[in-house]
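In the two complexes below, chain A is the common chain; its partner is chain B in one and chain C in the other.
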Partner chain A sequence: MGYQGGWIQRLLRSGSGHGGTLLGFAIAAGLLSLPALVFGADVAPAAPTEYRDIPYVGSRNVIWVVAQLHLLLAGFVLGVPMFAWVCEVVAWRGGEKRYDKLAKEFTKLLTSAYSTTALFGGILLFLLIAFYPKLMNYLTDIFFPSFIVYCILFLVETATLYLYWYGWDAMQYGGKKTFHIFLGLMLNVFAFFIMIIPNSWATFQSSPVVIAEGTDMARAWAATWNPTWWPVNIHRIIANVVLGGYICGAYAGIRYLSAKTPEERDHYDWMGYVGNFIGVFGLLALPFAGYWLMREIYQYNQQMGITLMGGFLSWLFILQAMLIGVLFLGSNYYFWLGITYRIPGSALKYRKPMLAMLVVLLLCLAVWMTPHSLVASLEEAAKMGGSHHPLLGVLGVMSAKMTVSNLMILVTFMSFIMYWRAGKQDTAGWAKIAKAIMGAILVLAGVAVIILGVWGYFVPAIIRINYFSTSQVLIVIGVMLTITPLTALLMKSAKTTTEMAWGKMPPRAGYSLVLNAIMVILLMTLMGYARSSSRVHWHVYGVVRDTSQYAFSPALGYASGIMALCTFFFCMIVAFIFWVATMGDKAKAVSASPSKGELPHGMPAMAGASSALDAPKAPKF
Partner chain B sequence: MGPIIKLILLNVVTYLILKFVLPNVPGSAPLPASLIFLYLLLTTSGFLILATVSAESKEEFWGPIQRFLVGDGIGGLQALRWVVLILFPLLVGWQTYNSTAVSDAPPGENRTIHPAPPGEYAGLSNPVPKTPETIQQGKGFYAAFCSPCHGGNFDGKGSAARGFNPPPANFADPTTIAMLQESYLFWRIKKGGVGLPIEGMPWKSAMPRWELELPDEWIWKIIMGEYDGAHQSPRTWE
Partner chain C sequence: MSEVARLQLICLSVVGSGILILLFIKSVFPRVIGFVAIVLGLFMLTALAVPQMASLPPVEEKFDIATVKTPTDLAAIGQKIFFSKGQCALCHTIGPSESARCPDLKGIGAKLSREFLYESMTQPQAYIYKDYRHEGLPKMYPAEMPAINKNPIGLSRNEILSVIAFLQQMSGEPISINPSELDVPGQAPAAPVKAAQSGPMAVAQAH
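Let's turn to the complex of A and B:
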């Protein structure tokens, strides 16, 4: 560097010797701007530019990372308002102010993340125009009308968010509160449309509907209503709730770990619980939406369906199973920790049900993670008669996967019900019958799901997909819709035997919340790669071919590296956003803290909140 | 029995079942090491989850390990502690070296059995009407051209099957042709093993390229005969 600096200075001095500081500056500026020429390096003078590249990194990698970060940020920004608004409504109707405080805290994170999302959207747009001018020209030609709608929606969404956030304290009571709730609703409505419009552009690339004739509006409309648009819309709405919930949970987990007062510990323990609950709530529905999406993709094009589910991308679904498995285990673990730590004396009582649920979860996970084509050495493959195990190979197909995912959902739901009921004693006369009915429903549902799963091997694929898998989903939904109100009724008259003690969770509860958030982010980066790669060498499947040097699918190992990088960047961005968002609170806390020499009321707990509670003797409350 | 011993025993028992019991179940085969490792990982994870779910169980499991590692009140076990502290990093280093060092062992097989078909085959449908006569004709063609390898019972156990590794596909297995559309089979029969994409490892398939021998109509009839004979149905969307 030192050598280079001297060289530039000498150049500037040579210019001044001839009376030209300006000339020297111009030469130096010209030399410094040389790297910019690479953007046009492969441009033929006469033909329009189709692609531009960036040296060393590669244009595709840059787009990949920026698009993924934008999508993750957007998922958070669109997911959080949904449950922030629900929390506000709960506080408004039920009168519990802590829900209003929680909703405000969620929205505080949202406002900081919103501008970053827009910033990444802008960067992505500029980079796409710069690197893929031919493709962007094509997409603009088709989607121009929706671009306009999108811009208007963005303006309206921004204005609504400003009003919603800055008007929070001013609109707390009476008619103003009602108006604030209305603003929250509109925020979600606009956010929904802001999500589905870009979804139409992305899904068009995978399953294009191109009509040659008609007005701009007719062409745009036809392209928008492509076969995978609604499946992706539904899948993303749910995924956004899951992402938002788990990230808020991770935020609460970190704040809990660094909490210095009992009040902070109580609040962030509770917030972590709510975040995990929201994440789990979405997670229960996500596999259904994913299944529907894959079905539509397969039906749209057999090649794309097999590339994803049976071809070279099928390994991604084994990775997906691992990540979802960790997520299910992590969420259940958090529930179980909640039972044993927040409800003193319940550790022994619930150990057996926990063991039973854990065994079912692990067995299901083992099935979900068993691939159809196994990784084996030549010797092992020869013994198996190929890469397909004669006995365990049957676990590698959708009938088995769908069955175990439904069972895992059932177990996680029961985990929540167990948490709900812990520390309470039924007083209703019909409690025994209700519990017997709930037990019977659960067992029958589990048996029915397994029978349908096994039967699915012996019927035509279309029967399995359209009827059996759908029935499995309906059975699980039916269980939830029956047991939830029954439990709610029982809880209404139940006597609380042990009060829920917030702020008593061990450090690993906070870490498990962070782990869950990282799993979700990794999952989204994984599925982002799967969706893009399923188009193989097409920008727009079957319509606009990728003729760049990057018209190949990156290897899975390489792709995993980029996914990890995206996850790391996103976590850093989110950490920065949260740090900025909470800076004001910390300043307020410092100004309100006791004067020097006076001890604070809360006991500082170093990165562990209540690690002392890991001692075998639980503290008295 | 302490939880650490339980964890070791659980893993040993699981390993023995996966390694020696499961392969001897009728119709089974030895499990690859990758799958055994996966299942052992799940067993260990499950144990750790249960062991740390309450303060008491965590102390019971982790307490002795922690005390041993920090040398807190372990009396005569100090020497063993030093052995563990020295040997454990060496073991990790040895394992890392083993997994990254250049080896003359062939790489693990990661063959995709059902790779994606080329785009031109994806949308095809069987042009031959499905009648008892055409199905019977298809079975006849199958008996002549396919059964020597794929077997008269459509189970992949033809008279020539033992000569091939990997063996010919078993059509009676519900995870093979029942998962696929007819157009997929048309592609596979027409183009044979050499027509497989790279992830399908074309060098590992002895399937002939039947387009050189059979007209398309015969291939479509064979497909109908195969499904009917194996008691399977092709994947459809209606």
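Let's turn to the complex of A and C:
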């Protein structure tokens, strides 16, 4: 059934918007209208069916929401094992048991989160086959061998996950613990491959390569190694760490807000700190990966790059700047709250630097959010002397934006170092020299980044892109790689002057953790829309054209509605997963002392929620 | 009420609900939901405040040969294609630009023969034009010219000829393409424009 009507496109061309569709979507609540499929399909089609639809809601909207939820859940499921494994290794090497407890608490989520992700993956696959049979047939012809590898990886990953989780308490000591750590590592290795295989399908759609004749395997291999595959792999793996960290933070924030005892407040305050730290750790590296991805897109296809950065998606990057800016502000704010409330006596000492950093962050954000060309009436444009504002037009270009994004990363890194150093006194003899060197490195790096940014206006684009922007990135990475080990060495011999007071943070700290998580999720939904829209009216860019009535990309306002909906659904699903996974803990707290290995009466034996697994068993020798 | 206004109203009610929850409900989880609602509502309001541009698939414009009577008609069609379906203006400038990622096309119709222009569009790797706008050895331009007779642009022979006519007209040259050279639907297509045989000679002209 090939679409001839294209009523949505006609509606758009006549200037209508999308509010009705969005409202219709909200009312129909996505999957409830699946049975209506039968009405959307033609009866006895003469030609092979190309598309199917769902009335009122639209097949594209359903696919959009389900695919986005699957992707977010997948990011969560792949991010959490990394997070948990690192915590377990920290506990194993450092001997701090609370890290092991934290790792276990999050691994407990994995079993239910994993099955929910697979559930959405299954729904997505069925819907894709139903709505886009021609496209799916085309992709299957190319990627069939990788489907097999994907299935095998899933089996191995599932088995490893079960061993990792259910063997947690049985493998606590000695060689068994080492084996458990190895299992965690393998869990992450398999998860990485599970991530990069579907990435090859999605990136092939955006940057297809010429597929020569050959065996099925050779064709699949050639298609897999498309120009944006590795940039997306690296970008996604870092983004997953960020998502895992901030979701951990948000969970800790909510539990902190509802904590009833001082012990709970202490624990969840600390958990929030760890989540925020891991989130920031990934966040600092994420813009570099994004820059590399964008560079590859430009090199692959100039038009696609321009569609993203200078075409109809250019305003999307203003929204992206806003979300990233709020995320940077939120993360720094949480650090500053930590310095103020957890480390008594530090508030006064660090007030001025914190204020200065806030001002720098706000200024940087203002520049980052500056659009290159303004929406102006003819009269306004005449007054400005063109579509570019004489001042703002200068700030709205890449040279300025690259500079401020690097400065924001530097400031956030400084916040982290400040937090690390707060409440400690250096005792090493070389501390003064080290601090002077670190200060000089920071100042010189900041100045160098600004000089390169300003210089970037006066050189051809190729010089700026290939040398100046890359140098800015390398300078910032260099700062981190120099100052982090230096600080670590200093802190090794430092004397603690003020003990960390956990559980003293104000409620707004909990909300700032929730805000950070929402920003990350929104960013992922926004960039999902950008990636899909950059293909414009192609299913596979330049190869398979979208001839359906949904060949258009909706405007940002409408798209933001779907993004908000996906974010809300995802939060609710994650909340449900947390609730299910912690059901056992609550029951255990209520029940006085259930006998070993026995579930409290009336409590469902949910996967991963068994209270018996929470109690560490004595080692057997 | 416009669709944008209707969406803004929905966003405002979402934000309002969130504020009401925060004001009147004490339980933590509903309050967090209220907070999330406010954040999402504000995000949508911001997204609705920026220009609402949808990307529509290009309308399949048919090259109506009956309307082309003179070379000037051809150039007029070429100009439209240059700025729309051909997407030439996405990378090329007409006039010097320091930040150009592709060669400047000002006066290109006078510098290059029609055969060379045709080859540059359909076999762009046959001769790579280099960037001489700086001291030292010439360098590659950052952007790579796509073969515009292939997807995703996919111009037909008639469309390419009309773009060449536009480039010649823009450069103040007499248009060397006659409407009689165009392919007529239903008839066997004419032989492609013969590319310049001597690449280096054409290159020399390009400077």
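Just so it is clear, the second predicted complex is superposed on the first by the 540 of 621 C-alpha atoms of A that agree within 3 Å, B and C clash if a C-alpha of one lies under 4 Å from a C-alpha of the other, contacts with A are read in each partner's own complex, and residues count from 1 in each chain.
Convention: a residue touches a chain if its C-beta (ideal position, glycine included) is under 8 Å from a C-beta of that chain, and two chains touch if they have at least 3 such contacts.
In this text the structure is predicted, and so the values were computed from the model without any measurement.
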Once the two structures are overlaid on chain A, check if chain B and chain C clash or fit side by side. clash
Looking at A:117, would you say it contacts chain B, chain C, both, or neither? Reply first, second, both or neither. neither
If you stack the two complexes on chain A, which partner ends up touching A:254: first (chain B), second (chain C), both, or neither? second
A:537 contacts which: chain B (first), chain C (second), both, neither? second
After lining up the shared chain so the two structures overlap, which partner does A:462 touch, if you call chain B first and chain C second: first, second, both or neither? both
Considering only the touch criterion stated at the top, classify A:559 as touching first (chain B), second (chain C), both, or neither. second
What is the contact status of A:59 with respect to chain B (first) and chain C (second): first, second, both, or neither? neither
By the touch definition at the top of the document, which applies to A:206: first (chain B), second (chain C), both, or neither? neither
Per the contact definition in the header, classify A:319: touching chain B only (first), chain C only (second), both, or neither. second
Looking at A:511 after the superposition, I want to know if it touches chain B, chain C, both of them or none. Which is it: first, second, both, neither? second
After superposition on chain A, the chain A residues reached by both chain B and chain C are 299, 301-303, 306-307, 311-312, 315, 375, 460-462, 542
Would you mind writing out the residues of chain A in touch with chain B in their complex? 299, 301-304, 306-307, 310-312, 314-315, 329, 333, 336-337, 340-341, 347, 351, 354-355, 358-359, 361-362, 365-366, 369-370, 372-378, 380-394, 396-397, 457-462, 506, 508, 542, 613-618
Mind pulling up the chain A residues that touch chain C in the complex? 9, 12-13, 16-20, 22-23, 254, 257-258, 298-299, 301-303, 306-307, 311-313, 315, 318-319, 322-323, 375, 460-462, 465-466, 511, 514-515, 518, 522, 533, 536-538, 541-543, 545-546, 551-561, 563-564, 567-568, 571, 575
For the chain C and chain A complex, residues of the former touching the latter: 2-4, 6-7, 10, 28-29, 31-32, 35-37, 39-41, 43-44, 46-48, 50-58, 87, 90-91, 98-102, 131, 133-134, 139, 141-144, 146, 150-152
If you look only at chain B, which of its residues touch chain A in the complex? 22, 25, 27-35, 38-39, 42-43, 45-46, 49-50, 52-60, 105-106, 108-119, 122-123, 165-167, 173-175, 178-179, 181, 183-184, 199, 233-238
